[in-house]
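First the structure, which I've put down as structure tokens, then a few questions once you've had a look.
Each chain gets a letter, A, B, C and D, in the order it is written, and its residues are counted from 1.
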Amino acid sequence: MNIIGLYNYWIVVVLMMIGFYVVIAHENLIKKLVGVSIFQTSVFFFYISMGKISGATPPILDDHYQLYSNPLPHVLILTAIVVGIATTALGLALVVRIQEAYGSIEEHEIQDQDTQDQMESRLEAYGFRKKHVLSVQNLDE
Amino acid sequence: METLIDIVLLSFLVLTALAVAKMHDLFAVVMLSGIYSLLTASLFLDLDAVDVAFTEASVGAGISTLLMLASLKLVGRYETRTRYRPMLALGVVLATGALLIYGTLDMPHFGSADAPVHQHVAPRYLNDSMGEVGVPNVVTSVLASYRGYDTLGETLVVFTAGIGVISLLRVSRRTKQQEMQKVPADMQQQIILRVVVKWLLPLILIFALYVQFHGDYGPGGGFQAGVIFAAGIILYTMLFGLSNASRVFPPKLLELLAALGVLLYGGVGIVCMLLGGNFLDYNSLRHDPVHGQHLGILLVELGVGLTVAAVMITIFFKFTWRTVKHKYLEK
Amino acid sequence: MTAETLLLLTILVPLGAVIGIVALGHSPNLREAVSLTASLVLIYLTVSLYKITGAGAAVSWEGLHILPGLVLFFSIEPLGMLFSLIGSFLWLITTIYSIGYMRGHQEKNQTRFYICFAIAISSVMGISYAGNLFTLFIFYEILTLSTYPLVTHAGTEKAKLGGRVYLGILLTTSILFLLLAIIGTWYIAGTVDFHPGGIFDQSHTLAAAVLLPLYVFGIGKAAIMPFHRWLPAAMVAPTPVSALLHAVAVVKAGVFSVLKICTYIFGFDMLNRLPTTNFLLYLAGASVIIASLVAMKQDNLKARLAYSTVSQLSYITVGALLANSAGALGGAMHIGMHAFGKITLFFCAGAIMVATHKTEISDMRGLGRRMPVTMTAFFIGSLSIIGLPPCGGTWSKWYLMIGTIEADKLILMVVLMVSSLLNIAYLLPIPIKGFLYPDPDDKKGLRQVKEAPLPSLVALSLTSVGCIVLFIYPQPLYELGTYFLEAAGVHGR
Amino acid sequence: MIDHLPILQVIVPLLGAPLCLIVRSPRAVGLFALLTSTITFLVSCLLLQQVLLHGTIAYELGGWAAPWGIEYRIDYLNSYLLLLVSAMGAIVLVASQTSIDRELPRSRHMLFYTAYLLCLTGLLGILCTGDAFNVFVFLEISALSSYTLIALGNDRRALTASYQYLIMGTIGATFIIIGVGLMYMMTGTLNMYDLAQRLPEVHNSKTVLSAIGFFIVGVCLKLALFPLHLWLPNAYAFAPSIATAFLAATSTKVAVYVLIRFIFSVVGPEFANTVLPLQEIFVVLGISGIFATSISAIYQLNIKRLFAYSSVAQIGYMILALAIGTPLGLTATLLHLFNHALMKAALFLAIGAVVYRVGSSQLSHFAGLGRQMPWTMAALVAGGLSLIGVPLTVGFVSKWYLVLALLENGWWPLTVLVLFSSLLAVIYVWRIVEWVYFASPRIFIEEVKDPPLSQLVPIYVLVFANFYFGIDTSLTVGVSKRAAEALFGGIFL
């Protein structure tokens, strides 16, 4: 069993880094969220790996078995998965609203529009009138 | 054999992750991320984490993929190929990776039974939980009793996400009333599916209840049950339309149920306090501590199930209503 | 009333006046009556205190233990007494003057003006009675902040700019150097209390050598070059403010603090040992000369007076740094003498502005015939600043000169003398032009006397008379000065 | 019930949040949330009293002993912060009763208050707990609810700000669980105090080192340490004013707490400093953060954003003080933690009042408000003065301790830099003052006047606190000192 020694962990690290890279390098807001979930899932995998004992069974007590894997990482990761889905759901809701407000979910396009907003408010500070911006919020209420 | 499965699955995982990073069709990316979750779930199973595998499959591959697809419907399918600035990102990622790899060098090897993790804290759960809590599934006893407070927090996280999604995607009543009748379900024309689901739905819901109440003995519990229950309702919604579904579950009821779940969990804790124990000390619920633990776990799992199901259904409904609103606005 | 109550009242009375001014802001007459009453009460209080302490009683009050070492602590010593007497007396006169000026000039926001004025006076009282550096620092900062709205009173772009320079330099120096020096002192000596003979001992020489320049530069209000820019910048303020700032409150608070720190924190023995003292002394000497030279080039009357102030303040700094009894005595007396002289000059500048709207010196030819009282007062004030009899400035400069000789620093004596000559060169031409040149606007020869409003005229007459009285009867200042030397533990003479 | 105080602290708002959904009516929900947070505040007062009387209080959740179950452990440090957070939670809610009407449609009030209470729960949960994984859970509760609160802002940029925060926050949280996981791997325990005992055995392992690295980077993302602060300015600028006031006063403070708790109670200060170059990193990041973000603040046109940048700068001060690595330095961090919350809450509530009346937080909309909203603007200036660190305000007290701690280590250059950076605060505060008092008003309508009492009272309670705790420091300094000494002295009290 020891052949793979740390192999498992190294793969986990590679996975984490792919996820992490997707989060910070990509500009599409949905893709970032996919990256986050890959990143997190890999961390979960890391926790579960450390709870494993070779030749053991799942920690559901039964007279037939003696050796059980460690239940504590499982409990932690159950919680973490829930936190993960909660974050994803909220993030997606935000993405939907951003799409409605900006007409895009690409980071740089949003930034361009924000810069324009900022220019306008800068002009406004020096006495120019701000263009009317239709916000989706108005439609909602 | 286990090792072989392990290696194969891990390689698949890496390939999937790379594909996710490479592809620009978001639909494919989302499906791949679902596959990624499913593969992870299989690996969890291989690593004896049955409860986690169950949850990852239902959440990562199920709900999460579903929500992503729902939002793709609203935001468009393709990622534009744009100027990345990957060097900085790559630098950060490589530095992080290097730190992690450095960290692994002193780690106890995978699967070794003498790792510190297995020496401290955990043995007590395995050895004494049967006597102290009386539940064969140690994961359940740790989740709901030893670390029951974490689980209360977890329920609250779900609740918080629900509040967040509601406040972001709320649609005014006017829009709803005008559009309610006219919206066809997404898959209305799939007659075969409709028939099958009509038969399947009660089974799904019953299975949810089984998972809810059988969590003490096998994998499962409030969270998984809530998700399965929600999945059943979501399936129904897809086939029979949002209007029908929200007649059964009006938004207010769902919000109330979500709140009640948390209150039930917290309430059990408070009752324990009033009966002389610490917060969430189920021993004080009954004369016999083990009976008390049983009752406590049953109730808090029910609370978790309630909140999770209600929040998941709410979130799905909100996303769907948003689609309806968009159609309305297009007209 | 106990002496302690009196002491606190001197600080609280001007603050109390604030409430009255706010409440009666809608009725200018009542509002100014409050200011006047408060200033009269203040004079009464300070004079009573003077009598009590003159009889040898030690008066102090302690409260608000903020942190260990940071205690609000007031303690009356002669130099503070002197400063508070001058401050309270000149508040009365400035108030009288402002009534005429502000109304004559139809200024806006007069209520705010009187409020800030009263707060500034309260902090002057706080500074004069401060028993430790922390208390001094608090009131020093309150003074800065409360005079800021006065400087920017006009609200114009230029006023804002002036306010920025004012606040910028004063806060920068006080936070960057003064606060650092105070914290350093607390850290090194373990106390920030004023103590006769200083609080440092032999072993602290090196640290003290670093702290001294921090103090001297940190007290930006003393306007030693190169941190003097705020003073000309503050000239955008209404003239009563300039009078208050440049004669009484702000700048005097600065040099007062320098003097007090030199005597009560460092002590003359320590100062004489420090390598940095000489450097600062010559810097102050350079300030004296350079500021005088710059003053000569100014055509704007207020700007010229401002640079003159910069120069005169450095006299006092020189006096403090000479670290001998004659220098300190001269410095202390010069606080009073210069206050009377310079406030007279500013009052005159303001009176000219109200009556004729003239600000440039080149326009003031022949003005003496239209405003004889003002110009005479200006002449007297100039004499006092120059240090010529029969005006009070003579005495203080006299002692300062002796101080330089005692300290064996003949270069400085030359500096002071040259500066006096320069004073003559930039001050006397104004009354000369006023009296001896014909008025270009007055072609028809109609010599109509048109002075400033009566309250202003009264005020400037009073101060100019004061200049002369102080020549004939300088005893109060002299006595306080000698008490100060005793209290500071110097028995030179 | 006294025994149950630790859990009541968290459980009251925890159950209050879902109850909001049952109350539903907008007005009633506001009052209900206020009631809940007031009870929470009272609990925290009792708790602090208990801790001061009896020392550390441990509470076993579920009745399971420490490393097996989750434990709440309240000592000086967290009882002090519990008081702060719950007090801010209650005070801000008083103002929200009216302020929220202007910024949110009525249908969202219920959701706002629910999210608010959830956020409060999360923050209090982090403070109470003695379990490393439990920190993560409550961190996420507070994070998810803050994303919601921020996204409720009116501007569309609130959405992107919230998204950006979500991504950064999630990365931070994931780093934290990686760190916790690695530590758990080496010790087999999650309880902080158990960890502290078991970590020394494996101190030299590479795994523990990288665990510490991950945890600290994760927390620094959460506390917006420069240069990881990019999410903060927009988040604060576009959130509803009430949310900004609450988050600015509490959330980063709690993250700083996590850092302190981790370094001192879990890893141990000696180890953290000897093995990792933490001190150097923190000093460099702290001081460069102070300057970079203070300068950014000067160039902002939106006041909320301006003060958001200033918040990042203030975090720099805390981290710098922490890096000094002495009890005095830690005291300064803790003091500034408390004091900065007081200032920022006052400032953001005052800005909220302006948004309530004027509808914008753009600098140009503040023109001439000094006349139209005199009380609000006075509060704004008072808060600004406190931020600068004027004596008699809390800002001075924390800066005094910071400088004292720097001097104790002989770090003169840093001392000068810190004092110099206060001047940057002067600049950005004074830009506002000039707009407020010296620009002519944009809108001449009757409605622009001071906000209703329900907003003015909390603002003035905070302003009063700014001065009160600047004068009577016995509580803040006393508790900070005891907490700092306890953290240095040993982990188990």
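Just a few scattered comments:
Keep in mind that, in the parts below, a contact is a pair of C-beta atoms (placed from the backbone, for glycine too) under 8 Å apart; a residue touches a chain by one contact, two chains touch by 3 or more.
Everything numeric in this text was worked out from a predicted model, so none of it was measured.
Taking B-D and A-B together, the pair of chains sharing more C-beta contacts is A-B.
The mean-CA centres of chain B and chain D are about 31 angstrom from one another, to the nearest whole unit.
Rounded to whole angstrom units, the spacing between the C-alpha centres of chain B and chain C is 75. In this assembly, the C-alpha centroid of chain A lies 66 Å from the C-alpha centroid of chain C.
Centroids built from CA atoms put chain B at 14 Å from chain A.
Of all residues in chain B, those touching 2 or more other chains are 100, 104-105, 107-108, 115, 117-118, 121-122, 125, 147, 150, 153-154, 157, 160-161, 164, 168, 170, 172, listed in ascending order.
Counting partner chains per residue, chain C shows two or more touched chains at no residue at all. Residue numbers of chain A whose C-beta contacts span two or more other chains: 16, 20, 24, 50, 72-73, 76, 79, 83, 86-87, 90, 94-95, 97, 140-141. All chain pairs that count as touching, in label order, are A-B, A-D, B-D, C-D.
Interface residues of chain D facing chain A in the complex, by the touch rule stated above, are 105, 107, 133, 136-137, 140, 144, 147-148, 151, 154, 156-157, 159-160, 162-163, 166-167, 170-171, 173-174, 177-178, 181, 184-185, 190, 301-302, 362-364. Every residue of chain C that touches chain D in the complex is listed here, in rising order: 64, 66-67, 70, 134, 137-138, 141, 145, 149, 152, 155, 159-160, 163-164, 167-168, 171-172, 175-176, 179-180, 183-184, 186-187.
Of all residues in chain A, those touching chain D in their complex are 16, 20, 23-24, 29, 32, 36, 39-40, 43, 46-47, 50, 72-73, 76, 79-80, 83, 86-87, 90-91, 94-95, 97-98, 101-102, 110, 114, 117, 121-122, 124-126, 133, 135-137, 140-141. Here chain A touches chain B in the complex through residues 1-11, 13-22, 24-28, 30-31, 33-35, 37-38, 41, 44-45, 48-54, 56-62, 67-79, 81-90, 92-97, 99, 105-106, 108, 139-141, going by the rule given at the top. Touching chain B in their complex are the following residues of chain D: 4, 7, 11, 14-15, 17-19, 21-22, 59-64, 67-70, 107-108, 111-112, 114-115, 118, 121, 125, 131, 133-134, 137-138, 140-141, 144-145, 147-148, 151-152, 178, 182, 184-190, 198, 202, 205-211, 213-214.
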